[in-house]
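Order as written gives the chain letters A, B, C and D; numbering starts at 1 within each chain.
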């Protein structure tokens, strides 16, 4: 059994890690830390875990976490990078669901997160945990920068087109929509039910932290400098991301459906739907799946890709566990067999 | 492996049976019938099942269903009672998620369902599938009348008080609220998003089909004729039932919390929450659990019980599988280990 | 034109007052104060008011408010009672949408609100602003304690039965459900979209501040000490209250429908619906109407009353304006002609 | 008083027309027809209208409608074009909220609506009722083709850019999202609460009836053949459209904010928000306003425009009344002063 610790288990990615890990056949939950909630039984805060997770939140301590095989950080940026060096020194692997090990460019990190990186050498070693791109590197990684939710949906949606060199990389558009749980469990006015319900709006149009992460990933696929317009929106629902992606064809693309199916053949968690499908976010609610459909409307020169994930699963906790499975030589889908809840 | 057939798999209880059975370790899904959708792959209608359920809907036929060990009916009333005699004759067990085998009183059945019962002798044999009440009888049953959603929440909530003889049985009140999925997947105006969203109302105040079923169950607990006022309401959400139950104490009750905890000690799917808890429907979303809290406000003579279930799981498909597990000597919780999806 | 000031305009009752007053033909909005948002244009915080309300929030000051004809307090308890004496001294009338002038019993106020009352003599003078009960007193009042949202729905629902002496007043049950906007615009975890959405639960079962207010009102109707069990619940929607009320008949009631229709004949804002109706909260969304239906299920001895309001209109801002209209000799429905938004 | 008739008042645009017209100072509602609901009081179907609209649905008849000054058609395509000639012959003006008088190209009409047009000469005479484009023509029109909801949001959002000739008209992208009420009040599975709630998906990607209407409008602004990729999506909410529009700059645009403000200066129902704003659909809920914001992210060559309307008001009934006001020489905003309901 793999001994697992979680730092920062009081948010939505935290409780989702707990839900999934509590059903994982190869995992022993060892510690869940929270400075603010130390001593409180986890199942008191999250009653869905009653009878299934008997731990209480504990003070973060190197002793406890150092005895784990792997530690997940479900914390705001800045926390994981502080604690990772000591954990690595004790042989503990680290999977950061925050942003500390995603951006390879230190200047970009500092620009978007407002602080210098405290361990650049570990950042350099860290592997960006998108298995469909970096599977082999993940297997041998000690530190994973787990992808953001939007970046997962956008990168998986665009990868086949970019790798095949079919579209104008200077003018990509990603119009993305997320459920409110993506904003976390902090008490804030703009995510109150009465503010976010029965309404819809864009945000971060002038600039969003996931933009450099997506751009970095897409650059890796093209070898160049992609130009991306990324507009996130807030949906009046809890879980789910839908990315609608637009690219202009630069040559005859051949059979786009076949291209997508071939690219993702064998991938356990990417589902290319039949031609003409309209992926619904609810078709992945609670599941670690990304479902994709590709269109060429009216046979014109614009390709439209629809890509959906559950932001808390394939966009966070599920993907983190997928990475853990790879790092520890388990079946990649161990503990990730949940079927989406529909309706 | 138990060979399972489902009649009427195109509704919400049907897809929920499929979700749960596809993850059940002892089950082989053999047939899913639908007259209207015959030939359509199940996963085309319910994309959450893509890659997990490869069956197509088939024409209902005695041959196919007769080769099963058990058949679930997820059909409107009147269907199961027509087909059950032939299935029993072939040694197939039947679990009816509809209403055909719930009401023991033939006159009541005819009054509330508007048709005579076609096999009264099987009705007499059938066991009402509420395991917390009838566990032993269920084990040896050939036919199960699976309880309705409201009746499950109300009976589990009131049972400890009634068995202990603490309250006035002539004036019980059950104020119950259900998510819209309880109304099924039929195209009807009143359950459209734009009709049922952002609004709340009662229905069936003058009389609801679950009233005689609840009354029958409560009478079984008291040995008498209870008087119940039952008011169901429609919630602007998909899944979940919350029953708020009111009874007047007829004597000093002692420790109500202890009474509830003792009554349900050892029950795998009833969770008596700590004193002062407020069960949320989301704490059981997707799970086969009933969570209950009991109150005596201001120390007065009225007891208030709060009881929540997922109407599609403990209120339908999950309870049906719990019954199947009992009937086939499996662990009662086999295939029912899902943790509720929160948030 | 009546010069109107609002203290505490940054919450939901504040913005609702602004929406309604901006369309009122006899009102001139003079000042909206907010200590925390002083200087911010009101329409920047509430963009629905762009082009319609050109004021900015200002520092609360006796000068500004003292120049008004009437001041509405849309503040937490404790604020209005501090400022009311000075406003009255300057001839300004006061309508408090908070709790400072609702409870006549000083001990009750102190028990439920955790502070002594700072101006008991004004409390004694203040009129409880439920026009259907106190219309004449309101006309000549200087200070109004505007009713709470639940108390409005419950009192209007029960009044005909209580005045007619038809039910057992010792065992009333009010099972009430409110949209999330009733909890206000404070940043709190439990009213986040991801916490309150797609779920339902009770709260305040052991005791809620509206209980003594309701009890006081019902006692006024019966001349005695009613016994009420009041259980509020949180609905996954923004606006609306639905109170389901249960009372046991103590004698033959005659024609309940006629009783309700006669009681509210001529009332501009109480709508007794035809027999068999099921009032929906959306039928009053944005409107100052209370809609009521009365049932006697199966002809038994329990009466069920269904009463719906918009918690922000008839349950707060609309009723406050109705009171203002009465106090200033205007048509009672001036500025209150909005038709509910459906769907 | 203008005598108004409505054909097809049982849908959402019908009830919205009734809500707005019932509050219009210059209108007398004369007839509301519905073949299926003839005889039913309007307020029985739509209880928000109780006490405000006392008409019953009547059989459509030329006598009744011929006595009106104007008739609104809130019907599926094909109905208005059949009845319009006779109404015009009697001097009745016609405003069609359906699609019969929108597309000027007969072949396009037949292609997208599957039927030939029955009165091409009236179609030629009809004016497309977007006042911000065609105000003068509307004043003297006898027949109005009232714009679709998406076309209103998209055209108002793009017009300033197109008229100024700033963007590549061959590659426009309109990523549009609509609340479920846009799908109407028909009983259909895909718009059930349990299907459309807590989920999000695109639809009509391969082709949507509003595409030729939008294209026709944009062509009118550019004098050429625009190339538009239009992807509509279904939001889990009732009212509101948010169009996110993308265009590539072909030259230095100067001050985009000023361009938008100047274009819409004096427009009563288009609100260009301050730079940096994020229009929320709820800021126009129930109001006849279109709010717009314009961005140039990271100073690149892509312009992003955010445009929101209430699909039932500025996207249907409100705009129809705005057109009526123009046709009858009333103040353009008569009866359209509703402030959006927030929250």
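Criterion: a contact is a pair of C-beta atoms (placed from the backbone, for glycine too) under 8 Å apart; a residue touches a chain by one contact, two chains touch by 3 or more.
Labels paired with UniProt names: A, B, C, D = N-acetyl-gamma-glutamyl-phosphate reductase.
The structure displayed is predicted, hence computed values, not measured ones.
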Pair exhibiting more inter-chain C-beta contacts, A-B or B-C: B-C
Between chain B and chain D, centroid-to-centroid distance (C-alpha), Å: 45
Whole-Å gap between the CA centroids of chain B and chain C: 39
Inter-centroid spacing, chain B versus chain A (mean Cα positions, whole Å): 36
Where chain D touches two or more other chains at once, by residue number: 12, 181, 194-195, 197-198, 236-239, 279-280, 282, 285, 343
Contact graph of the chains (line, ring, star, complete, other): complete
Of all residues in chain C, those that touch chain A in their complex: 12, 179-181, 185-189, 191-198, 236-238
Residue numbers on chain A that touch chain B, as the complex places them: 12, 15, 19, 22-23, 46-52, 181, 185, 197-198, 238-239, 271, 273, 277, 279-280, 282-287, 291, 337-343
Complex interface listing, chain B residues touching chain C: 171, 173, 175, 177, 194-195, 197-203, 205-207, 227, 229-231, 233, 235-240, 242, 244, 246, 248, 276, 278-282, 285, 295, 297-298, 300-302, 304, 306, 308, 343
